[in-house]
């Protein structure tokens, strides 16, 4: 038996449920040295902004137990170069290109959505809401449901109607389910969660924060339980809303956990730094796990952990 | 470029040796050995399958040999958790390795005089470089420095591969007391060096670069910035580097380097985002119309 | 040089800054098999309630990368047995006994504080605010600053004036600094943070939540970066308020990180499950770290990561 | 009690063997060997110093020997990450072990007839028990079951230490087809057993307990509930157990057990908090005045 790996997240149809997490796959070229990037469900780009961006000073990362802290600061070439160079390259390789966008206010997000809609081949737009809101002294949009809604509405209004828009949520918010609901009401076709968790490490030799500037974002397997709780909770509250689950996916079993919690697809982030082939390995392991369990369609597992104990998984 | 792309492999450890203050591990890694060019490095996963350490550790390739289809040697000082784990490996253990990574040292077309400067374990990549240069008929002089005698690596080999080998230690326990830059000027003059290659800590690279500039000869430096992936995807290893167009970009030392032309690296601004770097805060105001079509990396 | 390990957290003076985390040291007897419990700064008890409590059904725990999920449900004997049996035993061994309390409302907390104040030898009362508030359908007190303040006020009012009261905070709150401030204004002499982080794991064989009942609390080294960010942030906002830092302390270097972030003392929790001697080992390693750095007084390091780079640590 | 308190040690691995479907590891652990009484277990840290696995794994002690000051053997089936790591150990590796832990099997004062029932690796602790009982002059009969032949542990030894040894497998690949309880009744009658000792999965223990009750003889069971620490501090390993006072408490199987009197364990309520357990929701209403002075554990 070869399991059917296709998944459908609303209008977003994918050949399989494994994608890269935003900001963890370079431009795609780096990973293409290790595997054929057309084999995975989608390549999610790092968050593209209107202008080029230098990011934050080094040291930008620190290793933590089963995780890492990072503060890259969205270094990137800007939408111009992205559209001229990175997007065409991804498409030329047959990859499904999902484009993450970040901006300083709803206007910038809208402009990005418009530019992306003019280009052919954008499979999905992921709205990174953990970008600092310039109008509110750098607080993340995700911290303020109103601001998040404005951004999502702006993107949805400007994006071509056939391009699904996913809102990417941070777990560090007062009311995640509330925020999720607001984003969906503002037009998001689905949700991606979770972004990194606020954290910090201190270098005991220099006695200063290990990542320049102090706090950073915690990612990797360490945060998987947190991410799973978020996905589970949001799926319980909004079972019809497609969710891309992420946070510490390293193996096929981890991906399975997210699917069972309610994610329709999963993204692999930090694990790529450890194993550049992580996405295809996760896919292979997931397929194997389905075979072992006699599951014919991966889609049948989505949200299964919410069902009554013993309730059969529809093959 | 396809022929040079790095490979990931599970490599059996052949030997683990103690070399002065360093541990040297040789692994069987044919794919890496055959692709290797001097200056490149490997990224090693540490701690085994259920490790709590996610990030790879970068090590310069010190030697490749054709035995067993191709072996790769690297050497390292125990520093933190990952190198402590590596030091405990025994032969037949498997290491998960990616390589060869990074841009190699560019080799001169003509048989010129080259001086190679290494600090601490920064000497490691200079040995294969010395061999490659010698094969091209270049004269090779070595200047190797360290804090003290035990950390000076490869003194005996150095004397063999190089025309002259000069050693410096901060405490004077071996060779000349002082820093490599205290000895380098004299070597450049005596050897009539045409080019400098350097690998070591950032402050050393900065001084070597300044010194080469004073002697008006080019210098290639191999920099060391904290790395997490080694493959160009994490954006952690950036240094400010001036491009051919005069624009400073935050370049990834793992894929755009680790070897850069010395005068292109803004050593004084390492650990910062220079205000005039492409995409630095406030950068837009300065050059709005010139629409830069290249980014860092 | 033998470093001076004494610390002072407001009125709470400790021979050294290492204590057990609430709920992770049994009754004290279990650990006393492995080391002399009088040697550490304090033994913090599991949260005591008025009545005996059976807790949650098994499986109560699941292992996660560098962490664990737990849902023990405050199983315990109740204050009566605690005062008759556990407290006297701790004191007979020369331990400093810090008592964590939990209740269903301010009245229960107050009653617990009163009972503890009648007993001799209670070194500190730690108010576990992550207990479900019965008046608000089981939401944690920590989720509502008003409710948290009522509890802290009630405890402070009933506790003997010479017993310091610390409020224990959960990181899963909308505004941690705000909550911290409210607790201090309500009379808390100090803060203990962090309690476990909400998380979840799914058993990929049964396809059900791995911990009975679904979500659990994530603890262990995985959460250390989150805990450090909390301590750093609260210390920055309220530098005069004593903080007991915890969350993933496993080694002396980890303890040092918390001190540098602003904690006046640290508590060891999950690491005890791995190594029953963890507290004394952490203490030994911390002492060693001070010697290596030439630091004469551990107290001089508290909050040092906030100082300007290069600012000397006062020996 | 001080003499029996557990010790934590870094124990060198002496041998790692494959025994049928199991791995058997022998470690040098004098302090544990000398304190050991049958039925006790050890808790093993897995994954090394930088392991991502924080929780200890519990294994019954299968054998202790006086060699090297005292060795301890345990055997295990590979199940998850931790046992997979253990299976890769080699001799001279160090294991971080705590033991002996838990209450041992109580031994009868008089030389009575004992039947020992084991399921899968649940057989492991029965061998030292058999020896201890034999030393007291007891008759020992063994009934060992498993899913299939490979998982029946210690058939040869069983025949040596026991008066009779009966084997059952679910698939009939070895011994009698069926479960241990299908064979146990006959053994009890034939051997005129006075007491049953059992170790294995919870459902087996429940049936053995029921069967012993029907034969009106006492039964000691060694239960298995998920454990995280093994030392009584994490409260993860609870099972509902009826005390001498008739009150049900959530008892920690690592320190209050793993050996309990079978009829005291509320097998049907394992994995729940029985409504009448001390401190169960609503419990207070029922017995407000009786002020219980003991808790679970």
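List of remarks:
Note that the chains are named A, B, C and D in the order they appear, and that numbering of residues resets to 1 at the start of each chain.
The rule is simple: a residue touches a chain if its C-beta (ideal position, glycine included) is under 8 Å from a C-beta of that chain, and two chains touch if they have at least 3 such contacts.
Please read these numbers as outputs of a predicted model, since none were measured by experiment.
Taking B-C and C-D together, the chain pair joined by more C-beta contacts is C-D.
With centres taken as mean Cα positions, subunit C sits 46 Å from subunit B. Centres computed as Cα averages put subunit A at a distance of 34 Å from subunit B.
We define each chain's centre as the mean of its Cα atoms; on that basis subunit B and subunit D are separated by 56 Å.
Under the contact definition stated at the top, the residues of subunit A that touch 2 or more other chains are 65-67, 220-221. Among all residues of subunit B, those that touch two or more other chains are 52-53.
Interchain contacts join each chain to each other chain, per the touch definition above.
Those residues of subunit D that touch subunit C in the shared complex are 5-6, 8, 45, 52-56, 96, 98, 225-226, 228-229, 231-239, 249-250, 255, 270-273, 277-281, 283-284, 291-296.
Those residues of subunit B that touch subunit D in the shared complex are 46-53, 81, 85.
Subunit A contributes residues 64-67, 69, 173-175, 197-202, 204, 206-209, 214-216, 218, 220-226, 228-229, 232-233, 248, 250, 253, 256-257, 260-261, 289, 301, 304-305, 309, 313 to its touches with subunit C in the complex. Within the complex, the subunit A residues that touch subunit B are 23-26, 30-31, 33-34, 51-61, 63, 65-68, 70, 72, 75-78, 80-81, 84-85, 212, 220-221, 270-277. Of all residues in subunit B, those touching subunit C in their complex are 52.
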